[in-house]
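See the structures that follow.
Next come two complexes built around chain A: one with chain B, the other with chain C.
And now, the complex of A and B:
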């Protein structure tokens, strides 16, 4: 480490070295470490700020697990054995995020493969452009547009009824179809590009060799392309899963009246509930669960964390 | 017992029937017709871009001919994909699967057919014996050396029990020593396996040492087909003469033809040479006299049928040979190799030397395109 530091100083000069190292350190500490530490600290505190500000900093301002306990068991006068609403929403959010991730993978893998191995030159560029340009429309606008598309009197229902396929409109929003479509669409680029990057570096000859030996397309993908693309698939899935589980705007706008996303509960604690400690505890549970789930899945599929960065 | 692996295998002949391959306006292969016998080691030799790889892809099924037919074992291959042809292709970069173990690589063709794991493993081990890599099945591909990867690629291709094995310059990535060793090895594997090998190369040494027959290609056209000595000693075109082996070139005009020899008037002198091509040459034609460096001798007082005097401009000592570069008065460069028998004296650069060659060792061909150096 010391040797590296000396080399770095010699290479860049003192001023530039101090600037670069300082900038990185500031970035890491202020943008990444400190906020999370504050949240962690908050999550173990009583909400005296709201209940009795005079007790802040006093003898009763001690660390507590009350916020985590609340997530699991609810208020003391909760008749159920556990906090039914919050826990249910929590697991439903995780499962739904997994579903969105799988859905995105299923759509994006073929697109990424096509871009990387089949399309050439101008055609590939055009395709990439047509994937990127729609994202110039901002997220809120897109979400509301999806509401129009999927609403009870929306375009899709009008079309299906016009064609005589439906006699009654389907409430896609209530059925959460709009939410899944919106979330799925929001993150496709984050799925496509990591996979595209890896698959592009796959030697075409390997595909031809497998074909020459009589392999079907399915087997070529299962045995040659997918194992090779695993790091890209992992990083794509990780990003889509994390962002879906942590999404707020899309569930807010596209979610059905009866379905809550866990982030909405967190938002309520922070915002209308004015209970930052509880919100922090909820957020930290969500984050840890997501991280552990991702690590577990990586373990199952034998992906090393270092491979993702490639 | 590796020899048993292929005792039951078959080899098929490959027939090209007026095959053309065109990419837009570009003609990659022009009217190729030939028959490769079953069990033959056949090489396509030519400089890069001569269409040899395209021809190989047409045989393997990755490239459909624009015109003409490819027949394997007498069967027209039109519309039959590479996976359903009795061929296996070894790619220039080998294209081994980096994430599979060596044995999985080798037995991939069996995996495709749904053969169970024990049988696959057994076959892979047998093939590893055949290519002289016993016990290496559990290694990962990146743990192998270049030559070992080569053998694994051969084993993998043989596993599909092809009747024809197609090799696209598979030795080009190896260093010289290994390349020379693998030539012998490949030839031996081919004879053990007893199947047809079709080999693509731009290296005439590879083609000459391994092949039963060679097709020399130039700009999509097959110039000559023949065994190594025929192609080397009796080239049919100026291109073949200049591409296969080294040759000194003296351009001129035919002064006289008598029987199997002709006399050519060149800038460097009047040379007698034997006629090589079947195409007729008559007096007055533009022609080229080709002489191999090893056919040129130091005069040392002996009278040669063709003699000339030239200035020594460069000499290299290679142990068993001296390689000399000389310049004639007319400005032609002449390369010659002198066997080092211990008595060869060293000449001074700039000295004038008398050299000569026999009419029998030189050949005359109609003027034509020469291979680029």
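And now, the complex of A and C:
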């Protein structure tokens, strides 16, 4: 370590070394690691700050599991065997995020393959450029657009009723159709580009060879393209899943009145609920579940973590 | 038709569908910005208007949010880009194992939900504020400060990825040569590395600014009592919306399109220059240009935009928004009137079938009056009109109607019933 430091100093000079090490230390320690640790610490504490500030730092300011207990079982006078609302919302969020991920993968894989292997020259470039354009538009505005489309007096209802397909408008927002369509839309790009990057590096000759040997196009994809694109697919799925499970804007705007997203509960603990320790505990549960799920899936599909984010 | 032909059509159709999903919502939203309807919609189409842009510009909250978004964005660029640069330089000098550890740690903020980043930043700096400064709302517990820090946590990782991509093409031989010739380390950094990284610095800065500008999940926790454009937007979109939000979207989409065209133009120029150099026998400088360079018809696109603008102007000359609004209001009134007549006729037919006694009708008349008194102060617009009309229609028939409405008035205090109540009142007509 010391030897490396000496070599590093000699190679870069003092000023540059200080800049590099200082900036990275600031980032990694002050901005990434310590805040996470403080949040973890916070989640094991009582909410004395709001309830009784004089007890802070006193003998009663001890570590506790009360916040995690609340997520699982609710308040002490909860008649149900577990915290029905929060636990239901939690699992619904995770399952819905999985479905959004599968939906995005299903619609994006063909496009990514087409852009990377079939389209060429100016056409491919134009398509890629036009893919990017919608994603410079704010996430909130994109959700707003879906609200215009899917509202009870929105464009889709007006169209269907104008064509005589419907006699009564469908409440897409209450049925959560708007939310899923909006979430799927929001992260399309994050699914396409990792897959596109990998598939583009696939040698066309491999596909040609498989075709010459008489493989059907389904078989080519199953045996040649998809195994090759696995890191890209995993990378895209990881990002889409994490982002949709952690989404806040789209559920706030497109969520039905009776359905919550787990992040909205966290948000409530921080705002109207004024219980930061509990909000921190919920956030940690969400983050750990997502990370463990992703790691498990990566283990099943035998992809290494280093291959992600390339 | 051959199966290959069918396949081609299917693929083309799929791509069309995909891009319709991609652009449809944005196109519809853009149109709503020009409709005079109070609620953002394209059907029914009322009048073409630019008034929502005025509403947008006069909106103090949005403009204030825009200012703080710009401020935060600049702060993030100044913090995240130098950090990303330092991290990318350090990464290239680490041994394999240390490098993969550092890569995993620094890339993790991209994968962690933005909500979690916001919360951890908020909790950490609030504690630092309390313990170190001993103050309740000290320097560290400031919305702008925490937002810049919180956003930079993951935006620095974006910047790092941009720099790493560029550094992969750096020739370390240049550095060594300069050092051999007696240059100091700072000189090498300033004269060789920085110029080489200049395009990457520019793109990292643009990326950082845009990522900061549109961030919501982290900001909503760290901003505390201040507000940025996104937090203002979120509250606007959630509570009561009007097409001025669409007008904002139109502006952003327009800027994006201009940006894309400019980017293409610059790229094309760069490629032309590169191929010209390559032709002069400097193969090292020429990028591996594809045999068919891009053919995006920039000129045609610009022409199209200009033509549609001119057409719009020409159209606007003989067009009066106020006149149109009056006309639409009149049309709506006529339509409402027709609807009412229709409902009345239906109700009449029903009534004739059941045949109510005149006695009940007299009784009902009183209830009807009562009902109207209740209604008037609540100011239910058109419904008041229709109720008034009930009154003018003298005779037992109208009274029976009013009676029905009067009976229902009890539940009108329930705010949830208000809408339904109003509907049924119309139907009773």
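As a working rule, the second predicted complex is superposed on the first by the 298 of 310 C-alpha atoms of A that agree within 3 Å, B and C clash if a C-alpha of one lies under 4 Å from a C-alpha of the other, contacts with A are read in each partner's own complex, and residues count from 1 in each chain.
The rule is short, and it goes like this: a contact is a pair of C-beta atoms (placed from the backbone, for glycine too) under 8 Å apart; a residue touches a chain by one contact, two chains touch by 3 or more.
Note that this is a predicted model, so its numbers are computed, not measured.
Asks: After the chain A overlay, clash or fit between chain B and chain C?
Replies: After superposition on chain A, which the two structures share, chain B sits beside chain C with no clash.
Asks: On the chain A superposition, what angle, as a multiple of 10 degrees, is formed at chain A by the C-alpha centres of chain B and chain C?
Replies: Given the fit on chain A C-alpha atoms, the answer is 100 degrees.
Asks: With both complexes overlaid on chain A, does A:42 touch chain B (first), chain C (second), both or neither?
Replies: The second partner, chain C, only.
Asks: A:188 in the overlay: touching chain B, chain C, both, or neither? Say first, second, both or neither.
Replies: Only chain C is touched by A:188; chain B is not.
Asks: Taking the superposition as given, does A:286 touch the first partner, chain B, the second, chain C, both, or neither?
Replies: Touch status of A:286: second partner only.
Asks: Who touches more of chain A, chain B or chain C?
Replies: C
Asks: For A:148 in the superposed arrangement: first (chain B), second (chain C), both or neither?
Replies: second
Asks: Can A:12 be said to touch chain B (first), chain C (second), both, or neither?
Replies: The answer is second: A:12 touches chain C but not chain B.
Asks: So, does A:138 touch the first partner chain B, the second partner chain C, both, or neither?
Replies: second
Asks: Quick check on the superposed model: minimum Cα to Cα separation from chain B to chain C, whole Å please.
Replies: 9
Asks: Where on chain C does chain A make contact in their complex?
Replies: 11, 14-15, 18-19, 21-26, 28-29, 32, 39-43, 82-83, 85-87, 89-90, 93, 95, 100, 102-117, 119-124, 127, 149, 152-153, 156, 161, 184-186, 189, 210, 214, 216-217, 220-221, 230, 233-234, 237-238, 241, 245-246, 248-249, 252-253, 256-257, 259-260, 264, 290, 292-296
Asks: Give the list of chain B residues in touch with chain A in this complex.
Replies: It is residues 60, 62, 81-84, 87-89, 91-93, 95-100, 108-109, 111-113, 156, 159-160 of chain B that touch chain A.
Asks: In the complex, go through chain A and note every residue touching chain B.
Replies: These residues of chain A touch chain B: 203, 205-206, 208-216, 219, 223-224, 227-228.
Asks: Hey, which residues of chain A end up touching chain C in the complex?
Replies: 4, 8, 11-13, 15-16, 19-24, 26-28, 31-36, 38-39, 42, 107, 110-111, 114, 118, 120-122, 125-127, 129-134, 136-149, 151, 153-155, 158-159, 162, 185, 188, 238-239, 242-243, 245-249, 252-253, 263, 266-267, 270, 276, 279-280, 283-284, 286-287, 290-291, 294, 305-306, 308-309
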